[in-house]
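Letters A, B, C, D and E mark the chains as written, and numbering starts fresh at 1 in each.
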Amino acid sequence: MRIGVFICHCGSNIAGTVDCESVAELASGFPEVVYSTDSMYTCSEPGQEGIITAIHEQKLDGVVVASCTPRMHEPTFRRAVERAGLNRYMFEMANIREHVSWIGKDKEHNTNKAADLVLMAVEKLRRNRPLVPKSFETIKRVLVIGGGVAGIQAALDCADGGLDVVMVERDQSIGGKMAKLDKTFPTIDCSSCVLGPKMVDIAQHEKITLHTCAEIEAVSGYVGNFSVTIRRRATYVDWTKCTGCGVCTEKCPSKRSPDVFNEFMGTTTAINIPFPQAIPKKAAINPATCTMIQKGKCGVCAKVCPVGCIDYEQQDELINVDVGAIVVATGYDLFDWHKYPQYGEGRYPDVITSLQYERLLSASGPTGGHIKRPSDGKEPKNVVFIQCVGSRDRSVDRPYCSGFCCMYTAKQAILTKDHIPDSQSYVFYMDIRAPGKGYDEFTRRAMEEYGAQYVRGRVAMIYPHGEQLMVRGADTLAGTQVEVPADLVVLATGVEAAQGAVKLGETLRVVPDQYGFFVESHPKLKPVETNTAGVYLAGACQGPKDIPTSVGQGSAAAAKALGLLSKERLESDPAVSKVNLSRCVGCQKCIGTCPFGAIKAITDRQGKLKAEVIETVCQGCGICTVTCPQGAIQLEHFTDNQILAEVNALCPPKMNASFE
Amino acid sequence: MSANPYLPDMATVVEVIEETPNIKSFRLVLNDDDKMKTFTFQPGQVGQLSVFGAGESTFVINSSPTRMDYLQFSVMRVGEVTTRLHQLKPGDQIGVRAPLGKPFPVENMKGKNVLFIGGGIGMAPLRTLFTYMLDNRSDFKDITLLYGARTPVDLTYQEELPEWLGREDINTVLCVDNEYPGWEHKVGLIPNILLEMNPSPENTVAITCGPPIMIKFTLQALKKLGFEDEQIITTLEKRMKCGVGICGRCNIGTKYVCQDGPVFTYAQLKQLPSEL
Amino acid sequence: MERFITEANLQQFAATLAGKKHVLAPVASGGTTCFRRLVPGMRLDFSRMAVISPKDATFPRNETLLLVQRYVEESGKKLELKEQLPEGECIVIGSRPCGARGKLIFDPVYETEAIKDPYYLRRRDNTLFITLSCDRPESTCFCHSVGSNPADGTGSDVLLTAVEGGFFARAITPKGEELLADALFEEAGTRAEEAAAKQTKARELMGQAHDFSSAAAKLLERFDDMGFWQAQSNKCISCGACTYMCPTCYCFNITDDEAGLVSRRLRSWDNCMSHTFTLEGSGHNPRGTKAHRLKNRVGHKFSYYPDLHASQIACCGCGRCIKQCPAGVDIRQVVMAAQEYVDER
Amino acid sequence: MPAQDERELRIVGFLCNWCSYGGADTAGVARFTQPTDLRIIRVPCSGRIDPLFVVRALLNGADGVLVSGCHPRDCHYAEGNFYARRRLEMLKRFLPITGIDERRFEYTWVSASEGQRWQHVVTEFTRRIHELGPAQSFNPATQEEWFNLALNEASKGEACACHGS
Amino acid sequence: MSQLEELKAAIRGHLDSLDCVIGWEQGYDPLHATPLFIRNESDLERLSISPLAVHNPATYATGFAGKKIGMVVRGCHSRSIIELLNEKLIERENVVLFGLCCDGVVSQRKIRTALPADPGFVEAVEIGDDALHITLAGEKTTIKLQDVLADKCRICAYPDPLLADVLIGNKHDSRPEETLACQEAFEAKPNAEKFTFWQDTMSRCIRCYACRNVCPMCVCQDYCIAASRDPLWMSQENSPAENFMFQMIHVSHLTGRCTECGECERACPVDIPLMLLRRYMNKQVQEVFGHQAGTSLDKTPPLLTFQVEEARIKERDW
């Protein structure tokens, strides 16, 4: 091999504390180094040209650059050697700036260390080999999991961008949490007026296929070529015929179904359309409460249906679809506040969640938009809001802030005053977090214009007090105990990961964090990517988010998917694991430890089991290489021999064979 | 060779020829001028090439003793040593231990027809003898070469093929396994082409070398054509270390391929225990 | 020349030699007796036959054949080869007749008309063997069946025989006589007879010798009978204990090591029972199973080698391969099975 | 600047590309001064670090080996450091039986943002290795060392009733 | 019916359906046994199950891949089989296990050390209830079995097979926990002494790889990284450091997989006390993962899996 070494001064950044000329001179004596030089700025245009010229003139087949961190300029230099006709993997970098000149002051030690790092790079390079990426076609279709506002935005953006979209929603209608809200902060505009048209767009967009009452059963394949199986639950209604006329829901005699859409504030019919603006506006039967399905008697809906779409025998349906990218927008669920003994654990009907309160405020809600407390239907005068129920509390393993409760509590306090002008709201809070545009002003309006009483402190207990509830808590600013009589207590329940997120994560090979929120690829620079290429995150499934942020992420995820699938073909990184079939004994240990399912068992011509890497799925972590006792599966570009060469360069084995 | 049979002579690579995507030919000149001038060998003999730090490997000397400007070795990239060999460039230093082993029985072939049948890299040992015969053309009667590879790019010695095809005094037939655009020669497996050519065994020696599966069927074809075991010559390949009959791994029964081979007649091979 | 030496004086003699020269002797350590380089202060252990043979003296487990130094000059990079021929004398004290004789198997291979292995020859010519004859042959001993006996002096320079109070010593070569000139050796007196009686008794204890003369042909007959070899090799675990213990196994490997600008060509003992021994670059292995490999090992010793080298069996009968085999493979049984094989077809 | 004395010791670091190598970069960018003994080998993931690399380095004469990866749960490849943690913990626990001081090997987690922590880790580890001093070579380096070893009581294993005699 | 006869009868019943049954017979002399591959009635007649029969038949199990075989297994051998099953290296339907409730086997090394010199020609061995009576050149020597019991048997927690299709003998009541004094004494030594011990001990190693090839869990078979050039982990140099490197490779690959059958130490021709390393590693595995290889079916070796929260791995703070 003929290796060229280039030592960068980086102005005085390196040369200030490293004798670059000496390093270059030492390097000229390293194995297979035929050319060694130092330059002022190797990454600059003339610096790169110098490398290219040397490759041509010296017939180099490998290049080492000693300069800054490879995390900075490795791609730059790889492109440079590629321009000179070398394979990009015939290049190594020694980091003598961040790891040497910037952290050590002794020039002699630094110079020695720099030379060692160059030697390591040379020894590794000697074992490098050209690697060529494989290219493959992509499927121009995106799967969006979750039909909340984030998913809706992602789906519309993808579809407008020309991609086919398949949207999968677990509930009967899309719309998510936002569809249940009455008004939104800080503008107090009507939630369903904002969301409704987007939901309709989903239903009408020719590029979007919507599956509700559906969940992801299995996912296989890799970026650009996923194969997805969707399970659509039986609705017992043929949706190709159902017109959403609602006759069945009027006549249904079984009215014991929990009203999910209204947050269990009351019950509804066994056959039901969850809310007037539902998309798709189709009826579905809750089999748990349908007398026909449970006992075989009734059949009223089938009789009254004008189009004959009721089918009590309907089965779950499995739908297979191939997609090139996946957007996960599965949202969040509310913390189960019953874990707190101080709020009565559900004994007091007039302690409700903030989302239930939204339904009470909503004109389409169970009370028609009149605030009536659950116990006796009376209009409450004193409403106590308690913040941070299941947020910022280690005792219930929810140490994180849910982010938007401060804002909606302020909104609800304002709306309470709008609905009941002679009411008084009290808000128990820990801190007010209002960092968004117009947010702080909004909370101040709640206090200053709408007279909400903010009490900084935790609530110790709630107990019945005649027809009222007594809320006892601390006022930490006043340093006193306070007791506030309440007609209604609203808990600002925190956000937690959607039910089933962990299981979905396993299916998608997206890791949930310890609370079940999906982990993004990089917290700053790759907030919507995941570590599985081609799978993106949008909205609260990644962590608590308010509406504008969720929408923004929906668009961001869509942009990523559009960017990815705008390429006709994708190239896979060739620095992936490779099986030496003659060494593989087929023990399959690597298959078990691969986090990406990138290794499969094959049978060779002699009928022996062997491992095979699916190059496009392999992410290049190297767990398998360490797992394999024979060293039969090697991570290219980080093979055992390459790493051992570096070890041996640093700690040379002694060559004294015989002692005796 | 030096008194120490393990001590390689140093040589310089003077030319590297990329024969196929994974075969390169190396032309070497011994650093010691006197040694180079007095170096003698016979077609079929082998040499051990050293890449210090990686090790040694055995290759046939495939230049002809009649053309002593350099020694040529063709190397297919399969393992550590061959990978390191493939990185060599003109001017690089290399160790050589040669000649080793027994040559082709050239004397016995004089005055006879000679039929060469080479497959892939198996052409290397044949090339030596073939070139030698071209340089001593009058000593031999009809010379026929059947040379095949999987695809056209897998044919080695592309530089020389036009000359071989063009010469009036030899019959050169090339073949590849399947049709390829632009391929104007035979298509098919070597044993089948051989049967098609139907050479007469009369006063003929057949020399064949190639991958084991090709050898197996070529031998069958030759027998079918009426060749006697004594008329068929082939070369064997074994893992070797010392190259001088000591280290003990290349034996088949009492025969050491590095010393008694690599050239064997089919008749000799049949005498050996079956352990190939 | 015949002399006598007390055990204490022999220990003394060895210690003095060890101060001046490279002495290999059986030393007990960690519950096992092995040949090691004697360091003054160590005691020789004569009570047991050393587990590893004294082969190391003439054929060390490792030896550097060449060192290659690369260095940079004005004119470019240069390579320098340095031949590493062994220097100095070695004395083996306390080998058994089988071990001393075993090295003779090397000679026809390592020294021929055409090829002379300078490493081996130098060591062989600079090594003396002071051998102790056996008086308690073991179940695994069969030197008498391969042309030797428990008091065979072939290959030794001095033969010791344990007698009352010490050892009777007989010089076999002139170099041996020089050794016996040391003042620690005394007059032998009548101990020659005592020694002779002990030697005879030892030979008698070994009983009837087995006749291996038909083995060469019989083993070849069985060459293609893989069923036979599979049955014989069932319990073999393909390790190298037999070959590395063996005084006559002479196969080796050559590998290069590299550290920066220096590389080394190393010769090390190799083991024909291992898969890698004959594994070819293409992945093909002519001896792919342990049955193939056992066949070659046994065949080499009892058939191919005798065929090439004057009917000499390449085995000294020390029995180490039997005794140390983790699975109890008995080479005598394998050869006899071939000899006694009756083709029932 | 070596940690304590003038002589540098040989400390090998294995760092995952995504977190710890970045952490070391961050420390460099912030000019957090560190001892110079450590040389870093970059690997994609701590899951790529075979404990045998560490053993190889120690047997080759390294005075210390430091491994660092992403904090548990933060692995770029989701699970690499979980495997690494098990493998490396077993190595660390195993070293005492070999007589190699287990303090010569350490593994830890440093994220790409933890420049200061990296400085602390390197400084502390280098200090520790300097306190331990140069490691003994497993192969005796001279004939004299060899003789001493051969005569050493401990080498005969006599204190071990089962294995010495 | 004696245990041997009972066993023979059991094997006889399966012989037709199996490629072979692995047991033991007398070896080159009455003091030594050797593995026996039973294929017919006359092979069966030679079967021996004395305490001299030490070899672990599981060593051969993977070599019979695809064939159906039987094995006579003691407690520790059954652990090897279970581990092989857990790692899917053999298939349950392909092995028939004839379990022996085991009272322990001998250590040949201990027998050897119990005798003042090489024993010479062994004429006969009579195995009593608690002693071996050995006839050497006409002279009779008696060695107490207890004195030459293999170390692994002295502390054996699983004398009865944990998995068997046929069980011969009487199951043991719980055995008192016994610890190996020499192991503990060695572990307690200062580092310098342990280091010196291994340096010198490893200088004896000739790298015959008997320890590896006899190990039932070494399934790399012919592709061990100790002899490969790609990857190139080790030089062929037979120096203490390289020899120890191999032992480190072996220990590392056996982490959480070693079933403590003791074959490596038994097979070592130069008596390197490899079990010092194995037992120590196994103890660590037990402490950290609560795992003992081969003691129950369907357990994954601990290094092939993980837990997000490792209860017993303590983060060392800086």
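For this structure, a couple of remarks:
Methods note: contacts are C-beta pairs under 8 Å (C-beta built on N, C-alpha and C of every residue); 3 or more make two chains touch, one makes a residue touch a chain.
Nothing here was measured: the structure is a model prediction, and the numbers come from that model.
Least step count on the touch graph, subunit C to subunit D: 1.
Contact with both subunit B and subunit C is made by A, E. The most distant chain from subunit B is A, comparing centres defined as mean Cα coordinates.
Across the two candidate interfaces, A-D and A-C, the one carrying more C-beta contacts is A-D. Relative to the centroid of all protein Cα atoms, the closest per-chain Cα centroid is that of D. With centres defined as mean CA coordinates, subunit B is found 62 Å away from subunit A.
Centroids built from CA atoms put subunit D at 51 Å from subunit B.
One simple way to say how far apart two chains are is to compare their mean CA positions; for subunit D and subunit E this gives 33 Å.
Counting only residues that touch two or more partner chains, subunit C has 29-31, 36-37, 62, 70, 77, 253, 255, 257, 266, 279. Annotation for subunit B: residues 55, 79 touch two or more other chains. Multi-chain contact residues of subunit A (touching two or more other chains) are listed as 514, 593, 627, 640, 644, 648, 652-654, 656-657, 659-660.
Applying the touch definition to all chain combinations yields A-B, A-C, A-D, A-E, B-C, B-E, C-D, C-E, D-E. Those residues of subunit E lying in contact with subunit D across their complex are 113, 151, 180-183, 185-187, 189, 191-203, 233, 239-241, 244-245, 248-249, 251-252, 255-256, 271, 273, 276-277, 280-281, 284-285, 287-289, 302-303, 306-308, 310, 313, 315-316, 318. Contact residues of subunit D toward subunit A in the complex are 1-2, 8, 10, 12, 17, 21-22, 24-25, 27-29, 31-36, 39-45, 47-50, 53, 56-57, 60-62, 73, 76-80, 83, 87, 119, 137, 139-141, 143, 146.
The touching residues of subunit A, counted against subunit E in their complex, run 514, 580, 583, 585, 587-589, 592-593, 627, 629-632, 634, 639-641, 644, 653-654, 656-657, 659-660. By the touch criterion given at the top, residues 3-8, 10, 50, 52-57, 78-79, 82, 93, 95, 212, 237-239, 241-242, 244-254, 273-276 of subunit B touch subunit C in their complex.
Across the complex, subunit C meets subunit B through its residues 65-66, 68, 70, 77-79, 81, 83, 85, 109-110, 112, 114-119, 220, 223-224, 250-258, 263, 265, 267, 270, 272, 277-282, 284, 286-287, 292, 296, 299-300, 303-304, 307-308.
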